[in-house]
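Only one structure is covered here, and it is reproduced in the block below.
Think of it as A, B and C in the order they're written, each chain with its own count starting at 1.
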């Protein structure tokens, strides 16, 4: 049986490091955080979170900082590498070894895929991966699961589509790893140039029931969850390829007429044009509510790795 | 009669939204904040302020953050848009809808005139306007009034001059709206190119007793309050026009010989050359003391809109 | 006898302003901070630190912010000048006079040598110098002394070498001033282009027992403390001069074979190549542990100047 104490001091680097029992435990603890997210608490009073963002972020950084404040703790850090000693030529490892002297837990976002692993290796305090290049974003996957569970009451038995850029999108990689622990049918919907990374699929081979397709329209009526991601123009050498793809996966109210009434549309945000704003006011729209679940999940993670639960 | 509870959940977007009774009430509450500004309090413990600055600021951002800390609350946010998801193409509305999941109140500065209105429209939590392009800066107007009341014991019956850039200066727009609630004589002193915006005057037509002039020297002896603003070089296509204006409205000790002994000189800051440093040590100089009143007023506003008073 | 109350309201601008008794007192108080650095405290609850960094920094800024949080206080400030009103042409003095209205203590880093002195002159609240151009960095010197005392049990009687850029390195200037209060033998080891600044030596003439040399290898066996600093490429007009120097003062495990077994290697960090990473795991390496002492020393200084001890 999983116990809170088993998370104390632990790193949160990859969704692959957590089994189903542990994931469910984290999600349960996240639900318990809801009242504390409303009124605050002293659970982590006197403790310090360091947020080291080597890439810009609104959502993830503010979410972790809010989580720490709601638990009564303090926050230090930087929002971009220009204000850090990296600019003076310091190695990433040296920065981590320095900062761990000031904080009790480190949250790091970095453009390199192995950054979180490297940080966890040198740091004696817990490290939480807030985005390791195009590779993983495990806390996003946990908040995605928490949102699905809230909306649907369960994760098992659902038909879930991940749509958009499955090659470079770190959130869908972590989500695929997480969903491999559940009994779901997963549709991987993307243009051929942006199909799900092969090494992601290899790591969950035999554990994940998935179908790859480029045709969203034909599977839409079967879906319980439609998880949309941003397709970036820069991924396409030829502008016309981008234009074609952009339209093929753009979700609007018209298109959702073919969907189940209780389909939920999710998005890790920021969105640009891939979900029309006319969807925002429909009951399908869960992408803003989803943000709130990030707060719960991150509060739970901080409290767990700091041994406060 | 105005009650504290009527401010709970309210947005602070424009000075036009507040009547005299409400303004006086806020100023009274600001005065009550003085002891808390010295020693701190737990009034907003567990609550979170999000400061979203899409334009740089020292004074206003730090003032709000200090106000929140003095009340025992936490702060998240960004000091410039480069570190936010705006850089990834996210709409302003989406950013607001995201951040409101993490915070209890949002303070926003943005270069567009309708930004604060738009933020208040989408956010369910209170939004405080910390500068909406060249249009308004209501919390500055409130701190200006609080300073005047402290220095003069009253606002009614005073002769007040607003000097400098009345076209693009957001602080003087909000101050004109606020002063329309009081029995003052207002001199609007500017070069012809930077006269008070017509739509500002239209909104207070018949309620504000004002005179427009380009001649500061002739009215100076009558003034109780001289409110100076910065004239920016960029506003003038021809450099010689700027040089002429710059000198015409530059306040120094020599010039103040013609002023009343109890004239107070105010400035929203930052100042560049429009007030000579030889004025700093005279009893006329109120522009640094004025800063402190920003703390009181913002503490009062945060406590009011969060329903803590 | 030194008493805590004598530090209340005091500025920390230069190591030259503190005598041995005062330095020892600060170091004692820093040691007392260790348990509070683990579990936090309410010693500075309700108080606010403003960190004004006109030059980027990871270590010093985060260290002060962590120190303030561990003592229960709040932090406001900026990490780079671009987000402040300096960009609008505000004078440094005006920025200080503004910020002192929001905070109880100011920590300032600025590229100009007289910045901290100027800030302390205009501010009525205490100012702590976190690096004044290439001139001084007194809190670094204090943490260096605290580290030496922890490692060696004393400062008197030690053989200490300062190695690298002694001309532009502010940390070695403050450290030389501090060590002039103790009975040490100081080796000043540098290439001829980067010898210790003459005005630093003049200020401690007759009080400091020192030898200037360019030859690290010959004195290495005698050393108790080897304090290494970064030599920046930009200091050398001719690239080949830099390359020669870089190698001459590069510390690695091989070179340390000639050192005493209990030699400690220190560095203000960030390091680039001047200490090889193969030294990190030896018992000589104290440069990461040294970071932790910055937290203790800054906690003590904040508590002392705010009169909380």
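Assume a residue touches a chain if its C-beta (ideal position, glycine included) is under 8 Å from a C-beta of that chain, and two chains touch if they have at least 3 such contacts.
Everything numeric here is computed off the predicted structure, so don't read it as measured data.
Q: Pick one for the touching-chains graph, please: line, ring, star, complete, other.
A: Shape of the chain contacts: complete, all pairs touching.
Q: Rotation angle, subunit A onto subunit B: superpose the C-alpha atoms of these two copies and give the value as a multiple of 5 degrees.
A: The two chains, subunit A and subunit B, differ by a rotation of 120 degrees.
Q: Please compute the C-alpha centroid of subunit B, do the same for subunit C, then give the distance between them in whole Å.
A: Distance between chain centres: 40 Å.
Q: Could you pull out the residues of subunit B that touch at least 2 other chains?
A: 75
Q: Can you check the complex and tell me which residues of subunit A touch subunit B?
A: Residues 39-41, 53, 56-59, 62-63, 65-66, 69-70, 72, 75, 79-80, 230, 269-272, 288, 291-292, 294-295 of subunit A touch subunit B in their complex.
Q: Subunit B touches which residues of subunit C in the complex?
A: 45-48, 50, 74-78, 82-90, 94-95, 97-99, 101-103
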